[in-house]
Structure formats: C-alpha cells, structure tokens
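Encoded as structure tokens, here's the structure I'll be asking about.
Here the chain labels run A, B and C in written order, and each chain numbers its own residues starting at 1.
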C-alpha cells in the first residue's frame, strides 16, 4: 500500500523525464566532451596550435561571410516582411505559403539549382548568348560573388520569417497615430516600426549569422573550395581520428568567437533601440 | 494602409516581386530542365522523361531514401512522445518547469557544434556511427522543436477544461489522456511534420554522425553534387519539391482547420 | 514525516532517472552489436568504388557467400579501424601502397596462401615486389592509377607542351585566362609539389616545406576548382583547360569527350591498391573464393567499365575499349616504372593540414 502511494504519483515523472535525460546525455555531455577532448594532452597545446595568422584569417573570413550574408538578407527581407505583414491583405496567406517552399526543401537542392544555372553552359549563359548580349560564356561559378549570391539565396527565407512574426503583432494604430501627428512615412518607419520590430530583426539576424558562419558546403561546391572557412577546418580535423582533439579545440574557439560577436550585436541593437526611440520606448 | 504614400507602396511591390522572383526562378528553371534531353547543362534540346526513369531505377537512391525515412520516422516518434510527456510533467509545476528553457538551446547552438560533440562522444565510447547515432542526433533536433511548440499550445489551453475534469473525479493521468492529449493532438501532429521535414533534409548531423557506410538522401545528394552536375539530380529535386509542397499544403491546412481555442 | 516522504520521493525519482539512463545506454550500445552474421559471409573494408555492387551481388548469387561491404574514405581511416580493438571482423581490406609498410610492421596482416590464388601468373610483374612487401607474401596488387594531366586539345596545342608538370604548376603559355583543376587532397597536392620541386625525396626540411607552400599558393591563381571528383566534368564542359587527376577520372573523361587528351610526366606519381587479409580473419577460404572471382578477366572488364581503374591483370588490357596509347600506359614498360614514384606520407597529418590551410588562405 505504501509502495503504491509512493510510486503512482511519480508516474508523470517517470514518463516525462526521458526527454531531459536525453537532453543531458546527448547535448550537454557531448559539449563537456568537446571541452575534455580539447585539453586531452593535459595542456592547451591544441589551442595554441591555432593561434596563427592563417587560422585567424579563416575565422575572420567566416565572420565576414556570415555578417555580410546576414546584412544583405536583412536588406532584402525587411521590405518583404513589412509588406506581407502590413499591406498584403488577401495575398498574405498565399505569399507565406510560397515562402514555405524554399524553407522546407533540402538546402543542398538550392545549391544544386545554382550550380546548374551558373554552369558554363547553364541557363544564364545560354540565354545571354542567345540574346546576343555576350560572345563568350561568363565565368560565373567558382567566384566569390557567386558564393555570396547562393548564400543570400539560401538564407533570405530564414530572415523573412522572424521579421514577419514580429511585424504581425505590430499595432497598426501606432502607424496611424504617428502620421496623424505629422510624421512622414519614412520617419514612422525609422522611429517606430523598426525599433518595435527589432527583436524580430535580431532573431532573424542570428538565425542567419549562426549557420552562415559555420557554412562550408557552399564555399566548397560553388566557390571551388579555393578558400578555407571555419566549418571546413572543423570538419577536416574532426573527421580524421588522430586529430580529433584539435577539432574539438577549434570548435571551442569558433564557438567563443561567434558567441562574442552575438553578444556584441545584441548590445549594439539595444543601444540603437535606445538611440532611435530616445529612450522613450 | 491608405496612409502610405503611393510611391512607397509601388516601390515595395516591385521589391517583393524581385525578391520572390530571385527565390523562385532558379527552382522553376532547374525543374523545367529535368525534362531536357541533354546529359549536361546546355540549351534546351528536347523533351524527355529518361532522367526520371533513370532516377527510379537507381537502387542507391532508393536505399538512401529508405534510410532517410527510417531515421526521420523514428526520430519523430521518439521526440514527439518524449516531448509531449515532458511538457505534461513540466506543467505540473515545480522546478521541472524551469527546465523547459533548456530545449530552446537546441536551436541556438550551431548544428555543427552539436554534431561535433556527438561525434566525439560516440567515438570515445566506441559507439559505432550509423543509423542509431543519426537517430539520436535527430531526436535531439526534434525535441528542440516539439517541446517549445507543445508548450506554447499547452499554455493557450483553457485550464477550466482540466479543472472541470478533475472536479468530476478524474485522476491526473486520466485528465491527461482524455482531455489534454486530444486537444494537443493537432499541434503535436503539425510539430511532428515539422520535425520530419527538418530531419529528412538535415545533412550536417548526417555528415558527421552517419559514418562512412550509412547513407541518407541528403548525403547521397551531396555525393552527387561533388561528382558533377547531372540531370538525374534535377529529376530528384523536382520529385522532392513536389513532395515537400504537398506536405506543406497538408501542414497549412491542419494549422487553420483545427485551431479551436 | 514530510521530510521522510520527500526523501523517499527523491530516491524513487533518482531510481527512475537511472532506469532511463540504462535503457538509453542499452539502445545506444545495441547498435554496436555485431548482428548475427551467417557462417558463409565475409566483411570487406574498401573504398566505395572498389567493388561494383552489382558484381558483388553476382558473386553472392553464384557462391552463396554473403558480402558485407564497409567503406573508408582515407587510408588513415583504414588504419584506425584496423588498429582499434573495437572494430573487428574484417576479412578483406584494400589498402594503398603507402600504408602497407605500417600495416605489416604492426602485424595486422595475414600471410597469403599463394596456392589458393589462381590468377597470380596473369598479374603484371611490374606491380609486384616493392620494398614494402618484397615477395608479396601479404598483399597482391588489385588496381592501380597514375596521376596524369588531362587537357583540352581545343585550347592547348599538344606540340607546345614542353614538360607536363608545367601544365599544372605554371600558367601555360602565360595565358591570362588559363585555368586548371587541382586535387583537393592535401596528401596528393604535397606529393605533386614535392615531386615537381625536389624529386622523389622521403622527407621535407622546413625550407622545403616553405617552398612547397609558396608553389601551391602561387598556383591558386589559376586553379578553377579544387576537387577530386568533378575534374572530368569540368574538363569536358570546357570550364578548365587542364586537370591533374587520377587516371581513372581522366580515362572516364576521355571516353565521354572526344576533344580531350592526356600527358604523363616522366616522374609521375602512382598509387597501387592491394588486397590483403587482416590477421584477425577466420574466413580465409571464403576470401580466396572472393578474390578468385574478382580477379577474373570478366570481373576486371566490369571493373573498368564502372570505375575505369587500371587492372593488375595484363591479359585484360587488350580487351578494353581504349586507344593504343592508353593501353601502353596501362602496361607501362619497366623503364617507365622505374621513374614512377608512390604518393608518400611526407608530413604528419596536422602539419599537412596546416600547410593546406596556409595555401588556401
């Protein structure tokens, strides 16, 4: 009797706790493992090995790729999200539905689409040649520009969604109130809409920056693997058994750098918010 | 939004058209060219379905697809079951409730970090990489989607329903199975579809945790991309695109139909 | 009383957590279980294109022996898999030449019973008797490759090629739009550069490492793509003027595109894949059946059709759909073989990769 009274109330716990067990075992323990693995030899030798100009350049380059991709995506995405959330009316659901498609199809297929189009004999070149605009095929693939184009292409939907979600909750009456008070559309945008949607902008920015920073497939397939990025270094060291402690160390280094940048952006966005709303919001 | 100046609206519409064109024209083009009768990218030669025939007769693709389906299905089941029970436990109150925020972390950490961590763990413990390693990884991913979504929905449920059931003499477990669970079912279902798609398309975890012998569809596509450009991939892409679109239509219709409260 | 209940609840909960941890651990380690493999079966560890899957099925049908194919992508991976005690049960492996010495020295290979192998007379004698296994007691050659340079005859006039290596390490004819495909494997890239600069040395001093790095860095200006797999397509579609690749890829490109040709440096690098039996295997008789099956003339012709590898059997060469010049390369005279070198492990993995990162910066 006593046992029953003891065990039965704990059944929810028994049923519910495996999720937490799973999380600890397969998210937190591995993270600890990375830490342990990186200092395997008892020293920080594996960290010191990466404090060279070349690896520093790799990190800087990955940061540049991530930040520029996120910025361009933001510029492309914001007007789209704004229009869908505030102006679209009947078209809203249809446009959102369309947006799901690139979101939910395989990332690699997007890359492939561009490999196909930008190929020397691909659609872009054949159409331009057919129109007589160029004589020789353009050299499109395996350039830095093409890497940026494909990065932006793959990540823009990730930017549109959070901004849209933030703008959807926007109270339209604020807009009306501000224009009643004599503000131009641009002023309203800059001083009211953008600051209020800033959390959405921020999460979109992070949603793009984090994976773009670790991206290595697009530079390899589209860029011709001519430049080394952080993700490539991590994958090379980690997949070769003897160098796994170095892989772990570099993973930690990249995570720290990324974390720092994210914190910086967060603080900057807070500052921006305060500046633009003059501390009143 | 009549307060907008007409100029701003027109400019905005053009921008949207351009962005959407940018997002969709490549897809439309490479789907169209899956019917092109040329083995390499070139101008339009003629209509053919031979790439689809080659696609459907390739055993490797079916093998990879089968692997992907198994991994994704098991991961969905595991994460949905564990997730819903965990949210139920958390809503009973107490310290466990604070543990919910842990699951938001799965989407914050870069996938590559989680994948490297799992790889290190598996190598150190001598767990062979392959199907189960990948299932574990995808379940982690799935929990990161299921728990927040179910929790959100749970909070929106009318607590008076559960209170009424309790007042009528049901045990907490009965309340859960007969009242809460049916109300959560649509969210659970849509979350499962989401997890399935994410797991089906994922290739970062597969790249690190699947080992050299186990191949899922994204890994197969990656190996085909590395080898060159072939219209069979066009055909495969078109098929997957149609499949995803159907799933999206299903998902969207679920979301709008079953929202009761 | 309440405190006592709380303590009991705590114990019960901890036990429950423990139960789940055990269950999860069991699930996870269950994947390690060697599923019951029937007696008449062998486990083969080779690179993915070594044995054509359809032909393996043919073997299974004819002999009733189940074949479990496991793959590795680098020879280091092969070494690690064999060395770790956790991975046992391989009956046949296909290592490259440069790891055989290490495998032999660590006692990981079993001596072959030559009487059981019916095809030894037909093997190319030039592929045997190398220092790492002088009497071929442990390994027998299976397929091999020469690293040649394929080029587009529409863009490069064959008579203007002075030295084949110049196609790779110099801008041919100082043409500004010159582009090549280079290998993406640091091991191969360093071997090529070393061979070009210093010849067949067995180790590199730090000055030499600097020179190699500089050469590869300068080369980047005219490299269109670093890849081991897409070279044939890029060459054929006209995106590049030349490509240095394994002969298998070049031969594949030559079969598909008529406007391509190849040159081979005199001091070219080669790679010979061997078959060997790990010391822990207990299924040698079945492995010998496998080998006898895959060393037949038909098997090699099929292998060529799928993978374009150079066969170790001499009599197959005439039956292949290639030009006489290609056949001559696949046979290769003893003089030519004397000048060839193997890909060498010149730097430890980490230094190798540091160099590669420096090149790609």
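Quick notes on this structure:
Note that contacts are C-beta pairs under 8 Å (C-beta built on N, C-alpha and C of every residue); 3 or more make two chains touch, one makes a residue touch a chain.
These figures come from a predicted structure and were not determined experimentally.
Inter-chain contacts peak for the pair A-B. When each chain is reduced to the average of its Cα atoms, C sits farthest from chain B. Averaged C-alpha coordinates put the centre of chain B at 36 Å from the centre of chain C. Note on chain placement: the centre of chain A and the centre of chain B lie 17 Å apart, centres being C-alpha means. The multi-chain contact residues of chain A, meaning those touching 2 or more other chains, are 13, 17-18, 22, 119-121, 241.
For chain B, the set of residues touching two or more other chains reads 40-41, 136, 226, 229.
Looking at chain C, residues 77, 227, 237 sit in touch with two or more other chains. If you check the complex, the residues on chain A that touch chain C are 6-7, 10, 13-14, 17-18, 21-22, 25, 49, 52-55, 57-58, 119-121, 141-142, 224-228, 233, 236-237, 240-243, 246. Considering their complex, residues 27-32, 48, 53, 69-73, 77, 84, 86-87, 227, 229-230, 232-233, 236-237 of chain C touch chain B. Note for the complex: chain A touches chain B at residues 11-13, 15-20, 22-23, 26-27, 29-31, 33-34, 37, 76-77, 79-80, 82-84, 86-87, 93, 95, 97-102, 104-117, 119-123, 126, 130, 153, 156-157, 172, 175-176, 179, 185, 210-211, 213-214, 217, 221, 231, 234-235, 238-239, 241, 244, 247-248, 251, 255, 258. For chain B in complex with chain A, the residues that touch the partner chain are 1, 3-5, 8-9, 12-13, 15-16, 19-20, 22-24, 26-27, 29-30, 33, 40-43, 82-83, 85-90, 92, 96, 99, 102-103, 105-106, 108-114, 116-121, 123-124, 136-137, 139-140, 143, 147, 172-173, 176, 197, 200-201, 203, 207-208, 217-218, 221-222, 225-226, 229, 233-234, 237, 240-241, 244-245, 247-249, 252. In the complex of the two chains, the chain B residues touching chain C come out as 40-41, 59, 126-128, 130-133, 136, 212-213, 226-229.
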